[in-house]
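Below you'll find a set of structures to go through.
Common to both upcoming complexes is subunit A, partnered first by subunit B, then by subunit C.
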Partner chain A sequence: MGNKSRPIYAPFKLDVTGRAHLIVTNLAEPPLELAEGFDDITVWTVKTIGRGIPAPAAPGLRPFRAVAELLPQLAVRLAQATVGLRLYAIGSEAFIWDAFNVAITAGLDKAEIFVHHAGPLVRRVYCTHCRTMIEDVAADITPCPACGAHLFVRDHFSRRLAAFMGVIVDAEVPGEVPAAEALTS
Partner chain B sequence: MKLILAKIKVLSPSIRHFTLAPVSGTLPVAGAGAHVVLEIAGPGRVWKNAYSIISAPGAATYEIVVRRVEMSRGGSAWLHDHAQIGKVIEVQPPQNLFTPPRTARKHLLLSAGIGITPFLSYLHVPGLNYEWHHCGKAEDAAAFKALLPDAAHVTLHTGRNALNLAALLAAQKLDTHLSLCGPEAFMDFALATAEHAGWPAQKIHKESFGGATGGEPFTVHLRRSGHTINVGADQSLLDALEAAGLAPPCLCRGGACGECKLPVLAGVPAHHDHYLSATERAANDAIMICVSRAQTQELVLDF
Partner chain C sequence: MNLIIKPAETFRGDYTYTNSDEAILRFPFPFPEDIYMYAVNVEPHVRGGPTSAYDAVFDIDEHYVGDMEDRAITLAEDPLRCQVLPHMNEAEWDTLELLMESLSYDYPEHFTLTKNGDEWHWVNRPLNIDQHFTFGRRETLPYGPFEYITRQVQGDFSVQDQRDGTLYMDGGMVTSQADWSLNFDVGMTFHEWHGPVPLAHEAGVFDRALQYLLRLQHGKPVRRLNWTITANPRLDTSPENYPIWGPEKAEINPANVAHRMCLRVEVQTLTRLPRSNAILFGIRGYLIRLQELARVKKWAIRMHRVIRDLHPQIAEYKGMPRYRQFIIDYLASYDDGSHLNSGTAPEQDAL
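Presenting the complex of A and B:
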């Protein structure tokens, strides 16, 4: 594959050079086994036990109602944190690169951030025609809810937007839209 | 280019402030962190020493502050003992290997001894958000006080263990970068302390100096050019190659920039640089010739 925009993800591993570790995920449980021997690990998840009610917190575990609540709190947490913290983002590509961008804005270096793709194969798609973001797209062709274009979901990924590029699929013969197939990566 | 020694100010018995003016025309602009290499002609040889420029970018003169090194290779001793106002000195145009890191929102500056100099040039950067801790010997306190700005975020530490470095480094926010300049032992201690506190290498910026302190003499064989050169106890490998009429690549002459890296074909180098990683050092297949020497009596280099 000649696609250089698509990130390659290393397996999850805690960075031994860190003094404290914050793991954030948009999943209900982080799909990982935490290694022994690390004493300062905090896990943030998105898990509710009813509409708008987060799952109970526990020592080292803080569930949020939604990603929309977690990411702003991440910015607050990083603004208070001291050097030595390592951030790990696990989940959909949209989520992990949103978290990555929050961390870069907070002043972290790439070397202090680790991202891992996990969970359902869904993509955030950026309509390159009207600039609408379409969340949780599971097929390779999707209509844009804003401009109505039928978009082909390319493998071209923007880390800045944390989204895949969607381009109109029937520009040459309007209405000739191929059957959508489920995403496989 | 030729510069004329315009002013000498004695700051302490071992620290002097020199002002260099152009013989004609204007000087190239030197930004924060830049240095110049002075070519000082001594008996039978030329010393090439790098000094940070502390005057503001675009100033009419270059100002440098020089410590007379105890085990001087000659350059700083000449500047202290023989340099006189009006003397013309050959100076290489400024280089900058130590600009303030662009992505830092706060700069934690940490210096020791004559490592104070590059950060004096940082003071000219408008609006730079910094906290500066300088460590020095008590006998140099007056000289350093005269150079340091009188500000709440600048602290001079004299005496052993005056600065709790571990606590300082552990308390920094994530938008802070660390910049270091000082003698080798100070740099090693600061780097180890920072690493222990979890600082990533990407947030640590450093410039060392005076790494070429001499040592046991050894012999170097240059495989490609066929030279065999003896490196004396008081000269660096780079100095010895230059004395033999060769022009190996080099820039900072202080083990920081990586320009003078040469492949080692045989023998074991004694690494004194701040460029190679621990893994690269352990491989012993490359050497920074400006500061590093040999553990073996002979070295074979691919040059």
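Presenting the complex of A and C:
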């Protein structure tokens, strides 16, 4: 089934036309070997070494304690960006499209942003009924923690919400919930 | 046109909605052949067609007042059923102008538009509305211009912005949809919002349709039909409220299928807007109970054949498996095996 709302991701590579490169990921390490021959590469990760303590920073490396800490700082960083900055977001689809939307709001052009899907196969799911966002869903059916509906995760993705559409699976005969299957993409 | 509008009927709860004989005979039946498959099937939207449902640019029918009351109920519960992104302001006014001009031209006994420069006067008699406002000034209307006018015209609407070689769904009024969510889809490209439709992507239908629409010209609107099957004459068959209306589908049985099951047809119109260069997509829904439809001999026979031979994936997408056999069994009694002419006209003048 060809689903056209699901983005197709190109393999990661740095953009040779950029003068500075900011790589952000929701993973502890970016899953890549950075190409040599590029100057001014900064990597932001999410990694702690104790409760509430981020992993140590190093030149060109800045770990955050959570995505919730990283994204607002990304907005601040991009507001100060000069021409030539390239942003690369790597990780879950929820994270990379959140980062993409932060960058667009900050004034970057689509051509200056690169997104790359990596890490565990988990999805953010939007409950169509009560509008709650459910993070890190790994199966095609999940209960909504807010309204209690058992949601089927449609293969339909909104970049604006950075989420997949979840619609009640047993509306017609309440309780008739099929067995959930692990997501495979 | 001699249009008599009924007092408000209900599209939820006790479902008092019914079609008069005249409304049945003007129904825009969607199947010109005995078999159905996805196709682009676009034609010029000019006045006139197989039934009088095609006589106006934006068709108003006997259900108008109840239809608009049902929309107001849905919007009171969920204001996000109407959203327009901020850069679409010009398209909002384009929409208001197009709809007011069309309605006042096609139904002068019901709607009157008077312009004095930018000072406009709009009268909608069926809904008892008498509004003076300044064109281009939002603060002179009780709602944004797009919401204001689409609260007064039957059918859902979306507005598509054209840029980057595609169309973006950057606004809409969606209170009677067949299982899609404006709040989820708003801002999507043409291919994204059609993502869940089976089979048609592989067939290249959306690629061809998009290329066609990008070249759509002002003054040359087009239309196509779409259809589905709905349990009860319900307008708000939204995914948002599926937990509320879903159980009604499970109540369908051989004894009530003729009365409760409805064929739902969308006459979809696409119009290029003059100032914004956006496209207004009208999704005008019509509902007919199977027992009403079966009073037209040709339609009962053809509907039987289409549903019986429908591709399983399309039946699944349209939510039909639970009661498909009941529909087939009910309509089978009308199918005498006779050859039917191509086309959708009822081929009878009275019931």
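Going forward, the second predicted complex is superposed on the first by the 184 of 185 C-alpha atoms of A that agree within 3 Å, B and C clash if a C-alpha of one lies under 4 Å from a C-alpha of the other, contacts with A are read in each partner's own complex, and residues count from 1 in each chain.
Here is the rule we use: a residue touches a chain if its C-beta (ideal position, glycine included) is under 8 Å from a C-beta of that chain, and two chains touch if they have at least 3 such contacts.
If you're wondering where the values come from, they're calculated on a predicted model, not measured in any experiment.
Considering which of subunit B and subunit C touches more of subunit A, the answer is C.
Residue contacts after overlaying the shared chain place A:Tyr126 against subunit C, while subunit B stays out of touching range.
By the touch criterion stated above, A:Thr82 is placed in contact with subunit B alone, subunit C being left untouched.
Residue contacts after overlaying the shared chain place A:Val173 against subunit C, while subunit B stays out of touching range.
Once the two complexes are overlaid on the shared chain, A:Gly107 sits against subunit B while remaining clear of subunit C. Contact with subunit B, but none with subunit C, is seen for A:Gly18 once the two complexes are overlaid on the shared chain.
Considering their complex, residues 1-6, 126, 128-129, 131, 149, 154-161, 165, 167-168, 171-174 of subunit A touch subunit C. Subunit B meets subunit A in the complex at residues 103-105, 169-176, 195, 197-203.
Only residues 17-20, 78-86, 106-112 of subunit A touch subunit B when the two sit together in their complex.
Of all residues in subunit C, only 181, 183-188, 191-196, 198, 201-202, 206, 239-243, 245-247, 249-250, 322 touch subunit A in the complex they form.
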